[in-house]
Every structure is written in C-alpha cells, then in structure tokens.
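Shared between the two complexes below is chain A, which has chain B as its partner in the first and chain C in the second.
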Partner chain A sequence: MDSEDDFMSAVSSEDDILPDDSDNDDMSGGEDDFDFDDEPDPDLGIQKDAPPKKVAYDISFKVYQPSDIQKQQDDLINEVNMILDISKEEAAILLRYFRWNKERLIEDYMDKPLKVLEAAGLFQAAAGPPKLEIIPGFVCDICCEEEEGLQSFSIKCGHRYCVDCYRHYLSQKIQEEGEAARIQCPADGCNLIIDARSLDILVTPELTERYHQLLNRTYVEDKDTLKWCPAPDCQNAVECGVKKKDLDKVVPTVSCLCSHRFCFGCILNDHQPAPCELVKRWLKKCADDSETANWISANTKECPKCNSTIEKNGGCNHMTCRKCKHEFCWMCMGLWSEHGTSWYSCNRFEEKSGLDARDAQAKSRVSLERYLHYYNRYANHEQSARLDKDIYHKTEKKMVQLQKESGMSWIEVQYLNSASQALQTCRQTLMWTYAFAFYLARNNQTEIFEENQKDLEMAVEGLSGMFEQPVVELAKSNLKVEIMDKTAYCNKRRVILLEDTAHNLAEGRWIFNVELTGVMPSGGPSSNSNSNSRR
Partner chain B sequence: MASQKRMARELAQCTATPPDGMTVALANDSDIHNWHITLDGPAGTAYAGGKFGIILRLPDDYPFKPPVVTFATRIYHPNVTNDNAGSICLGMLKPDAWKPATKLFAVLAAVRQLLEEPQPDDPLETRIADEYRQDRKEFEKNARAYVLRYAKGPVKFDAAPAAGAGGGKESSGASGGASGSS
Partner chain C sequence: MSAQGQFATKRLGKELQKINNSLPPGIVLVSADNFEEWLLDIKVLDTNPLYTNQTYRLKFKFGASYPIEPPEVVFVKLPDRPIPIHPHIYSNGIICLDLLGQQGWSPVQNVESVCMSLQSMLTGNTKDERPPGDEEFVRANRLRPKDIDFYYHDNNV
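Then we have the complex of A and B:
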C-alpha cells in the first residue's frame, strides 16, 4: 500500500466537527487550529505528552471513492504484472486469489509458479487476446446448436461454447449469484477462471458495470483494513489500520466524505466514548431489558427472603412467596407472623423485621434503578439527537429567514449551522457516555468522567435552549455571540471528555464492572438481578 | 429455445445407452422436462435386487441451472433424505457448482455411484451416516430391509410429491414403456 499517496483522500477526520472556538465559519480548520492553550485546564495535562497535534481518540483513516478503489486495484495489478511477467488478467486473478496480499503472492509465485497458477485456477498455455471465432463444423456442447457461422468463444483451456451460451452463463453468474472474481469455465470439471478481459468482450455494458462493481466489492471485502461506508447509497470505502484486537483500547471512529460518522470496528454509528464491546452489550441489554425493567420497577417487589420477583395481582397484603413459602406483608415487607390480628391494615412501620426487609428490598432495587437511570438518560439523548435532526432542517429555513430579515450575509448566518452540528455530535457522544458509565466501576476516574459528562451535558442543554429562540431573537448580535461561544464551548467540552476517556482506555486504566473481552454470560452482566449489590 | 435441442439429444442418448442398470423415459411424452429413471440396485451392495425409481426434473433454465434429482422409492442411505421427498445431496448439483456443460448422463452415473459408495462425510441423514461409518453390518441390514419393503415389485413414481405440472399421474404407464425399451 505504498502507491496511494497521490489519491484523493480525506486525511483525518474530526476536522469538520471540531471548529475551533471563535472561528465558526471555517469548518475545515481542524485540529491544527485547535488551540489547547487558550484555556488552561488541568485535565489537558495528560495529552501534552501525546504526539503533537494528535488527539488521543482520533485515529487516522482515509476515504476512498470508487475511482480510487479501482485505481488501487489497477496499480497493484500493474505492479504484479511487471514483477512476475504475467498478463494483467492473470495478475488480477492471482491477486484476488491471494486476497490482495501482494507480498505473499510474489513470494509464493517465485517459489512454485505452477502450483500457484493451478491453485488460482490458471495454468500456463499459449496466450493471446480473447476473441470470438467462427469455426466450421463447430457444435456447441451446451445448447447443441451447429448452424453455419455460429460465433464461439473459449478461454485458454480450449473448452469452446457458442457465444449465446457463454453470455447466458455469465449473466446468470453475475446477476443471480453475484459471482465475479471466481467464475469458472462452463466445462465440467474445468476450474479455469474467466478473466475480466474475456468478460468484457462477451457481455453487455450493464453487466460489465455490475461485474466490475462486484470485483471492487471483493477488493474491499478481502482487505481487513478496508470497509464500506454503511450509509445508504454511499459507495465510498474507508481505510483504517485499527485491528480487531485493539478494540478494547480504541474506539476507531471514522467519518466518510458523505459526512456519515461510524465506528470502524463495528460499523455502527459513532459511539464514542464507549468501546465496541460495551456497545454490543449495552444494545443487547437494552433490547432485552429496558421495557421489562421499567415494568418490573413499577409493578413488583422482591420476596424479602429469596429475592424472587413478585407481582401482586390482587388480594390482601398477606403474601406467601410461591417459591420459598415465606410469608410476609406486602405493605411493610415484614414477617406476617408479627402482624398478629391487624390483618388488613399494616401500620407497623417501625418493626425491625420490616425495616430489614425493606432495606434488602431497597438494595436489590438499586441495580435496577441504576440501570434505568443510565438507560433513561441514554434514551433521552438518543431522542433529542433525533429531534435535533429536525431542528437542523428547520435551521436551514431559519438561516434563509435570517438573511432576509436582518440583511445578514450567508456567511454570517453559518453560526447556526455550526451550532446545530455541534448539538448533534455532542448529543451522540452524551448518549454513549451513559452506556459507558453504566459499565464503569466507581473510582476517582469515574468521578472525573462524570464531571466531564455533567459539564458537557449542561453546555449542550444550554445551547439547545438558545437554539430554539425565535428568529427575531436569533438575529440579535448578543445572542449570536452567545451561541457562537456556547457552540465552541460544547465542542471543547466534548473534546475534553473524549480525550480523557480515550486516553485512559488506551492505557487500560478504566475499571469496568464487566469483562471487556471474552464471552458474555447469558442474560447480560447484570440483568434484572444485581451485579451491584453483590459486589 | 436452444435448450430444447440439448434436452432432446441428451434424452436420446440416455434412453439409447443409459448408465449401467438404468432405464430412462419421460414421465409424459409431451414433457421433456420430467424424466423417470429406474435403477437396479448395483450388485455387491446392500441395494442389490431392488428397483429404485428416480425422478429427474429439468428447470426451464436448463442447462444453465442444475437438474433436480429425487428418489421416488424410499431408500436407506446417508445421502438421501429418509422420507417421501427422497432428496439427494450431490455436489455437482449445487447451483454454484453446476456447470452448464455437465451432461445428464454424468449426473445419473453419479447417482448410481452414490449407491455403490455412500458419502458419509457429506450426509443428509447424519444418523444413517454414523451408522454407516461405525456399524456397517447394521447399516447393511437396515438398507436391505428397506429394499425388501419398498424396492421390490414395479417401480412407482407417484409417491414423490410435486411431480411438476406435466402430469405425474401417468407415470406408471410411462415406466412400463421404459422397461420395455431396454
């Protein structure tokens, strides 16, 4: 991968969403403008020893457009074509066979060329450009046509079929089976692969296009460092060097040219600061538990003795646990035997057994409440982020309106756009901070994290509030300055938070209440019952 | 359609010189897509002495799509489903492995070969495959019992469901014709 420097590519990423503090109309300024020194902050001490101007949570990546991907393949093919002195078609087939590992291909080929050629479905035979031929007395072995002047074709193996059959065969492979890189000769038992040049003279242009699309796809899918942008209708691919085993150390967030931001590790939307594994668990837990947990919290209590969850569906306060047969009072959770004869009214709040039971009850509720605490905040930011998207569309209208009403120029109203973008990005981050925090053990770092989270959240809510002012208000210059300041502040708080979390993650300093790698126990780390209270 | 010519040729070839122990005929003279084959259990195997009905259906897209081959007669075999469908697992018939130049003669020969040499490593019936590997005597006993129970007497093709639109009802008559031609 040394020949791609001159490609069109978007080097590194966070630029577009981290405008520096005062300079809102410059969206491409990026990290070079970001001046950490203009607000002395103790939290930033850590990152001073990091490589200069490289934020810890930022990872390098490149975005490739379809033409770049094509060019990369062509370059590799040309290189192999020159080094090994084989045709480009053969080079392409060999490269695909070796999953585009050029070094291994060259090494193996130098070692035993015949074996490699055979394994990849190529074998040496007299070369020559592929062409259609009319051969007297030819009978197509597929359709049994034998009329005069029948055009026929064969690749190097010499298995010759009429052009109609060949076309039919190829179009079926390409269109119905989505096969491209490994279409074999139609002959029984012949594993010679049909190369791109032969294909080009045989099939219609639409099919050629599809064929090359499929070939490009295998190029990206074969390489671990390349992934398709998951945004709908986006044809770009992103290259990033982060390996799967590093995912407990970094959250490799990348941003496509189409402006979609996603995690290179798991292809989900940007989920900084939470690492992929936590995200996976959290999403599973939410899918499994959130509604159930809400209902349980509202409608049930646990048996004071065996902690079974009990729903009271009618009847008196005299409960008998179906599981352990413990008898207790639903109201005070105390022993029923101590209730004496005051059957239907429980006013025995001070009794010790009741107190203890309520205590235990409260403890076992804590984990549930804890989960709901984080879940509700997570869900709230998720929803707000959605609402902010609506606001974003309204913003565009607002900006037009502003230009008309206040006589401001286009560039002068861009601060609203910046504000809206900042809101969305920050909310996305905030949302995941709650999932992240759910899995954090309590310690000093967690407290710093929560401080950062609180600061960001307050800043975001503040900005969100300003943003919803009527247009007349927005036009006033003091509010404009305020919004610009707040936008910058939000972005800055987000950077600080992500810096801190990413740095600790890279150093392995976070302590989670679940194992970050390895298999997840069934039902999640703390489903319903209480990882917390057991600790 | 070009494929008509191919199918007609293949039918002519297979009826004139079928693979060993097989007779080939159409289920219905007007439908070249539906073949009925009778197979004598190969000598020296547990299937010897049995007569097996095999249905071969050619898709509209034949020869670009593989034929569908099923056993109409119940058979105790690791690679044939132990039910009325009688589906066969044959590598060459998988859609992505099928080559349009492959001839039906080769397909039929492969089916016959499967009776001579079951492929327990690629089974449809894992239990029978295990038995085949671990207790060959028991397997052969069971296979023979199936032959006695299902594969004696005139071959019936109507046991298999979904014999295609071309009228599977007349199958017994067609199979009679087939045995006469060999």
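Then we have the complex of A and C:
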C-alpha cells in the first residue's frame, strides 16, 4: 500500500538482478529468459502480489474488474452502516464525502456527528422519507409557475421547486455534466447534496441507471490509489500505491488485464524511461507552434539594420533589404560596401562587422538541430511502433500459413508472436528514450544510457529485419532460432536500459536541463490553457 | 427540444414581464425581441474612477434549457459602449465569472441577478488591468464562452 515501501524494495532488489543480466549477454538465452518479459502474458497482472523477482522499473499494482469495484463499495457501505448505525444511503453519501476514507469518516463521526452530517450535505436526519408535496400558494422560483396543485419537492434545506424543474435540473446534471455523488440543491449558494433516496423518486428509470454508473465511477475517481484503465471499452480499474510526489523518482507503469500498458501517474501509454513531467513537456513542445518560430530563426536571417526577417530563396549574396534598402552580405552579414571588388564571393568571414549577427544565428541553429535530432528519432519509433501493429496482424496470418506449409504445430509458431510483442514494447521504450535524452544534461550516466540505447536500437532493428522475411524463410529452423535469440536479447536489452534509468532516477542521479518538479508554465491563470490554445 | 424550448420560453416570458415593470437602478433593457437573445445596458452606480460616466452593453444568449443551463453573457463593443476594464473581462468582451459557468450557475439566477452581479463585480474592482494573457487569448480563441474551461482562481476580485 505504501508507495515508499514498494519503492525501496524495488530498488534494493535491483542489485540481485543486474549481475544475472550481464552473465547472459552472450545471446545464448532462449525461452528461459522469458521471466523478464512480463508483457506477452497478461495474466501476470493479477499475480503481482509476490513476484519472484522485482526490478527497479517494476512497481506493484492490482487490476480490479467492475464486479470487484462494486463489491468493495458495498462492503465499505455495509461496514459503516453497521458501525455508525446510519442508513446505507447516508453511509454512502458520507463515504463519498470522505473520499472513501473509512477510518477518517468513523473517527470524525464519532467525534462530532452533527458537524459531519452537515458538512456532507446530510444535515440532521429529517422525519420520514422524501416525498413530493402539493403546497397551496407555492410559486416555483425556476419556472415561475404558480398553478394550483403543482407538485413540488425539496430536500432538507427547504428550497422548494416544482417537480418538473427538479427533473430538468437533475437530468442536466446527470446526463450532460456527468455529476452524481455531489449534485447540490438548485438554490444559489446552497451546498446541500441531494441524496440517493430523493433521487430515486425524482429521476426516470433510464436516468437512474446512468446515475448509478456515475456513482460507481466516483469511487474510483475519489481514490488516489485507483485509476481507470484508459483503453477503449475497458471497464477495469488499476490500484497502485505510487503517489504524485514520487513521480520525479519513478515511472509507474502498470498493465491492465486487457493487456493495455499505461503510466499510473499520467494515464498516458507506457512512456518508460521518461518521467511524467518530461513527457508532458515533450508532448507540449512537439505540439506547439513554437517550433515554427524556431524554424524561422534558424532558416532566415534578419536585416542587420531594420530587423526585418528575410529568407533567401536564391540569387547572390548581395542583399538589399526590401524595407530599408540596407545593403549587406548574406554570408557574413557585414556591410556590402566593405566587400570592395570581391563581389559575389565572400571571403571575409573573420570580419568584425558580421560576427555578432552570425553568433546569434548559430546559437538558434544548434538548438533547433538538437531538437530535430531527438524528435526525428522519437517520431520514427512512434511510426514504426504503429507499423508494428500491422506486422502483428500479418504475423497472425503468417503463423497460420506457417502451420500449413511446414507442418509446425500452433505452439511451435508462437515465437513469431513473442517477437512481434517484443518489437512493439521495445519500440515504445526506444521512442521515449529519445524524449528522455533531449532533456538530459551530459554526464557519465548519459554515456552509459546512450550505449544502452544504441544496443537496444540495433537489436530491435535487427529483429525487425528478420521478422519481415518471407514465410518460406521463416519456416527454416535456423532463422527460427535466430529470431528467438534476438527476441530474448531485445527484451533483455530493454530490461537493462530500464533498470539503469529507473535506478538512477530513484537515486536522483540524472541531471536534466529543465526543472522536473516545477509546474508547467501555462496560459492565463483565469483561463484553462488547453481550451485556449485549441484552434 | 420543443418541450425544453417551451420551458425556457415560459420562464423568459415571466422574466420579461417583471423586467418591464421595474429594473434596479443602472440596468436598462435595450431589446428583447425574442427568447434567444437580449441586450441590456449596465452602469456602475458608485464613483469608481475606472467606470465613471460609462455605459456597457451586455448580450444574453439563452439556450433551450435555460434556466437549467446558464445563459451566455458577453460584453459587446460599440462606438459608445466600451468593454469595461477588469482582470476577469477579456478585451473581446468574454467574462470569466463562476456564476456564468455550469458549476457556479443556479437555475434560481436570472437576467436581472446576473446584471446585478456584474455591476457589483465592476464596483468592487480597483485594478486597471485585463486578465493575464488577454492578447493571446483574444487572438487565438475560437470557442464560445460556454465551451471555455475557465479556472476560477480568485473570487476576491
């Protein structure tokens, strides 16, 4: 449960696995090495309680299915219901109010029950169940209806509205805004929460279903240790003890029963070895238009006199600024008049007059080229990973074909499946190593990291090449052995790389060229930068 | 749609009746030709130097589920109707006020109460400034006010 504990054990157990790895570097490992590879086996997810070996980048987590989630809630509600002698509805509201922290609820309730009830929007238990009433002379403040015999409703605060308005209000909240556990009284400034029993008599059956769905969701959303699996149509939730403040030390990657692997910290797809903060920055940088500006500053020059931006698209070095008519040399940025008779070939590079202008240009070019270096490699692996999805589907066909042509059994062609899985996970990792490297300041660790990156990349490209062989070739047993070896090697190189990065991250040994903990600079404080920057 | 539309129409009809009878000082109905869009003028009544002798034009747009959903309210710029300076009002007239968002809105609110809230929001202001990032926001924003996810960071201004 406590992330620090997990974390420490993960780090300490790391030592006993490294020597093991280096011994096996000779690629002799066959199927035996597969204990490293937890990806192709989705079942491993739930057996994580006591894994035989723990690696530094591995964290403990649990996957819950919808029925588990429901049961946990019911258990908690029943327990509070019995201990505190309050109705189940009220127990549920109190638990939601306390974000399902049962201990704190019971403690606070024992201490000052009235205060707790009021804070949770329950007030004092009123007499009798909620009901619709007809009150003479009633005027609804929402629709201004004053008709005789108008059915109206109010919760314990006494703010009374006609039943139509109440229903409109609730359907808006439930259907459109996705609220459930904390729908408040419609009155301005009234914080009283509408309880489940009141909702039962107010909402239509189809809405009730949605309402209960949403209530179930709040259980997961309220608990910091629970998160929904973000895969489309997956209804599972994952429990993990890694806290937000640890995210600069660990990249908590979890894998759902549906086999989707994602980061528990930020819900994005597996982005090991890069920590969440770097990922956020990197994605923003890649999406931003700021790179356009970068391009401009690297591919254009400014008129030394009036600073107009100029892109040279041909012609000679004798530039005449269209705006201010200043004449200068494109090569050295110095005055054209100083060039004397050596027109059209500038050999005055060391001349002082153009030095400063060139310095500024050079700096911007270096930073752009550095970014592009990492971006191109990142994007390449991203694309290749996508192509690997295609390959995966082709693999399935290949496997069937192979069974027919070579007479191999189903189990004998599984090595292709493993290879394809390995390709995908390794490329995913490689992709993020480049985003990671972009933010890395140079030191000895960086050297080791780049070596690891190079090894993994070469192995992956090698495997990728073998993998694309025609079926006839694949059927030959020597290629099969080669692919199996290479698959194991790729997986092992990935483990080594992730071990190294995770270990150094935990120890705080990486030096980044950006602040890791700082909050991202965002747009105006009064407006959400996401929605503003959308075009 | 029609049922909800009727819902809004009925309520707006009642509101209009009341507005035609009386409005608080400093609030004037300019036009209410239909139940989709109304224009009102507001003035700041006290002697706040930022807003003296100025009148501001407000545009209300009502959806079919008004008053369950908040109306869309913006300041409109005209030759004699500037956009009031305020750290929560962008120079294109978009207002960042929790009352006008889904979270802060209550169906008990109405056109009159919104006008009064805006009056008091101006009255209480001492800062002669636009929201941070105003220029960028005004240039880049293509969203309607109700689709903007404002983050209400400060209820004191």
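Assume the second predicted complex is superposed on the first by the 317 of 535 C-alpha atoms of A that agree within 3 Å, B and C clash if a C-alpha of one lies under 4 Å from a C-alpha of the other, contacts with A are read in each partner's own complex, and residues count from 1 in each chain.
Note that in this section a residue touches a chain if its C-beta (ideal position, glycine included) is under 8 Å from a C-beta of that chain, and two chains touch if they have at least 3 such contacts.
Computed from a prediction, not measured in an experiment: that's the story for all the values here.
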Task = Would you check which partner chain A:E482 touches, where first means chain B only, second means chain C only, and both and neither mean what they say?
result = neither
Could you tell me if A:C143 is touching chain B, chain C, both of them or neither one (first, second, both, neither)? both
Based on the superposed arrangement, let me know which partner A:A187 touches: chain B (first), chain C (second), both, or neither? both
Chosen between chain B and chain C, the partner touching more chain A residues is C
Could you tell me if A:Q172 is touching chain B, chain C, both of them or neither one (first, second, both, neither)? both
Give one of first, second, both or neither to describe whether A:D455 is in contact with chain B, with chain C, with both, or with none. neither
So the chain A residues that chain B and chain C both touch are 141-145, 161, 164-165, 168-169, 172, 177, 186-190
The chain B residues in contact with chain A across the complex are 2-3, 5-6, 9, 61, 63-65, 95-96, 99-103, 106
As the complex stands, chain C meets chain A at residues 4, 7, 10-11, 14-15, 65, 67-69, 87-88, 96, 102, 106-109, 131-134, 136-137, 140-143, 147-154
Given the complex, residues on chain A that touch chain C span 141-145, 161, 164-165, 168-169, 172, 176-177, 186-190, 523-528, 530-535
Residue set of chain A touching chain B in the complex reads 141-145, 159, 161, 164-165, 168-169, 172, 177, 179, 184-190
